[in-house]
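Letters are used for the chains, namely A, B and C, taken in the order the chains are written, and counting of residues starts over at 1 for each.
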Amino acid sequence: MSTAILGKDLVGLEPLSGDQIRAILDTAEPFKEVSERQIKKVPALRGKTIVNLFYEASTRTRISFEFAEKRLSADTVNVQAAGSSISKGETLVDTARNLEAMRIDMVVIRHGASGAAQFLGARIQSNVINAGDGKHEHPTQGLLDLLTLRDHFTNLAGLKVCIVGDVLHSRVARSNIWGLTKLGAQVAVCGPATLLPRDIAELGVTVFRHVAEAIQWADALNVLRLQLERMTAGFIPSLREYNRVFGVTNERLARAPKDILIMHPGPMNRGVEIDSDVADGPHSVILPQVTNGVAVRMAVLYLLAGGSPDWAAGGGDTA
Amino acid sequence: MSTAILGKDLVGLEPLSGDQIRAILDTAEPFKEVSERQIKKVPALRGKTIVNLFYEASTRTRISFEFAEKRLSADTVNVQAAGSSISKGETLVDTARNLEAMRIDMVVIRHGASGAAQFLGARIQSNVINAGDGKHEHPTQGLLDLLTLRDHFTNLAGLKVCIVGDVLHSRVARSNIWGLTKLGAQVAVCGPATLLPRDIAELGVTVFRHVAEAIQWADALNVLRLQLERMTAGFIPSLREYNRVFGVTNERLARAPKDILIMHPGPMNRGVEIDSDVADGPHSVILPQVTNGVAVRMAVLYLLAGGSPDWAAGGGDTA
Amino acid sequence: MSTAILGKDLVGLEPLSGDQIRAILDTAEPFKEVSERQIKKVPALRGKTIVNLFYEASTRTRISFEFAEKRLSADTVNVQAAGSSISKGETLVDTARNLEAMRIDMVVIRHGASGAAQFLGARIQSNVINAGDGKHEHPTQGLLDLLTLRDHFTNLAGLKVCIVGDVLHSRVARSNIWGLTKLGAQVAVCGPATLLPRDIAELGVTVFRHVAEAIQWADALNVLRLQLERMTAGFIPSLREYNRVFGVTNERLARAPKDILIMHPGPMNRGVEIDSDVADGPHSVILPQVTNGVAVRMAVLYLLAGGSPDWAAGGGDTA
């Protein structure tokens, strides 16, 4: 049943159709309500066993997945592979086969190597969910961004969304570009030439060289975190210079022809890529993004486990 | 309902009245029995989600809270913030807002900065429980100490309790002083002048300069752990010298005019602030303190979640 | 009831009789099926509280125990003692007493010191399960190896099993030797003289100096992981030399007089003690060992908690 919608794994948004993405977002809607209940729990994944296998540290994404899993009544085990005996890349196959042998139903994997989730999914029968792989994709982040946009604009077709910042190194940007494009949105990017992929204009993506131009064009900005090590690596001259050209400020937003929705995947460098006034201001949906993250992850887990999108019809039952 | 008893957060014992403290202790009584059952579980917090957010490592307190949470059937997530991306103090607000956005019901926080729990509680709607903040308070430790004293003396009014050791740096001492005072006990401290707050005598607290004097006076001693780094920092001349003047030994206790109850928050430096004969002897209630810790934490979690103190009437039901 | 079968703790296979070992294996059989269900959960240990106290890092064993515990519906807490405040050996007694005071039902302990599990078990009322102690024993690994052998040979009496590799430092080897001997199997070892116990031949164990000889003799090989630091410590001249004499290869297995079952406790050094062709080949039961690990651990937890071996009669009920 689930395979009709999603297949075995969620590796990225690139392999999905617009219909598949819409089905996930539709499934997420009723899960939003579960987290607003007094008893935040449904029995959908009771008796399922899930491993959160994080080769890169990530507190926020791990917590979000873990609560999504627990609110579905799954049994979860965390593996912080960084520093552990399984952190060596060459043993990923053996690790995967071991988990499968323990009859794990699902593996949520974050890994520094692009393609790690697909590699894993191809080798085990358990469902695999990509929680970020190198510079490749971070599909549940892309989905929560889409869900948040849909909350405000209803229809994404024709919507103008500009991704601001270090697009070159960002799996969040890649998942957003795939997801937005498949739902018919217009996508632009804005950032220093050193931090944009070389051929991006050829892919039909508009490029802005100054955030003021992006603000004239966009319905929504998705502002990426600037990894501070980009500065020491020579990609940008200084944080101050970056902020001068690409920082999203209330002053700049005030010159926009319309209200612009402000998103950020977190964690923020306040005063660098985004000012606090903006992050905490009326157009920011940064915290609703986090709330939607739990719902989207519940939807993905639920669908991969074989759930039907019309779950909510029968079941507000608590576990 | 809970707000009538406790308010939204438990930041310390200083802001509580004697009646509020007594209500927590009364609520803890029936929870003691839960941990003695074959099936150590009640459904009181089923479907609630709790984050244990520990910016300082603390195995014992974390385990105690985690079992208290699980015996109440809550869903729990641990965050060891030390060393993680959220360990930087400036992001505590963002971390807090993110947790709230995930619809966390409660946050148990331990942090190196005095005031961190209050800071957090003022910024999120989730309940916040202080599991130790800098040199400020460690209220559940204070409460378990009070519960243990009440097990033995029934009425704390007029009881003479002396806190022995590094009162200056101790949040345990501060929570004890507030709690004991509010319940009408007489409080003394005993330690080297370098490790006592300068103005403590002015606060109505008796000061002893030698543990032998304290033993002549007290009904109970609460012996603090000596952080061994105090020696290298020059607060005390040597461990041996400290033990000679402030170490609690059977020889000294034998000269007391009455039996003295011996408490210690753990972990102990056996042979420094307390001798093994005493720690494991007939007057020690160090292990009952640990047992009471789980019950007190269950009571606090339960009351903050909106539970009524008369829960036990309806419900020995297991989850 | 459980004490009739196992006593309070599982410290090793040495203290067990053949009948006790057989009873554990028999109890594990129906638990295998639980992990094959859609809902991998039975309520046997509901409301029991278990601490996984790991003084040495071990991802695989910890995950296996944790899923065994959760599939029995126990409440679990993990303590990674390495690096924590309780990692100092001298406080193991205090740690144990604290856990007992919190009314922990069971402690699963891994520790670098031989005898740590027994030491702990003698001091607390909670059940203690040895998950590996120094060079002493790793009894659940021994049991899962026995269960895997029994799956293929039905009767272990007279079966010829050779343990290949660093027997000297291996608690896996020790638990295997005890278990196999008690079930009537013939045991041999094969490895460089520097990595075999000096007096092992006197114990009635056959010794082979080249893996080719072992292959002529054995029904099954249990190939140990070579700790790579043995090379720098001078126990072996080089990995290549080790592989030349002791590496298990398809070429060598082809010269065996019969099919030989290949086991390995993991994680493997592919190309050192075992070739990938063998590890992934038709005679390998390395992954079934992992699957059996969960079942054996469920059986041990269940029996120590007072369960009866005939549990499956009444109860396929899910939690």
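Here is the rule we go by: contacts are C-beta pairs under 8 Å (C-beta built on N, C-alpha and C of every residue); 3 or more make two chains touch, one makes a residue touch a chain.
Because the structure is a prediction, the values reported are computed rather than measured.
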Same or different residue numbers at the chain A/chain B copy interface, by half rule: different
Relative orientation of copies chain B and chain C, as a Cα rotation angle in degrees, nearest 5: 120
Inter-centroid spacing, chain B versus chain A (mean Cα positions, whole Å): 40
Residues within chain C bordering two or more other chains: none
Chain B contact footprint on chain C (complex, rising order): 46-49, 51, 75, 77, 79, 81, 84-86, 91, 94, 97-105
Chain A-facing residues of chain C, complex: 35-41, 57-60, 63-64, 66-67, 70-71, 266-268, 287-291, 293-294, 318-319
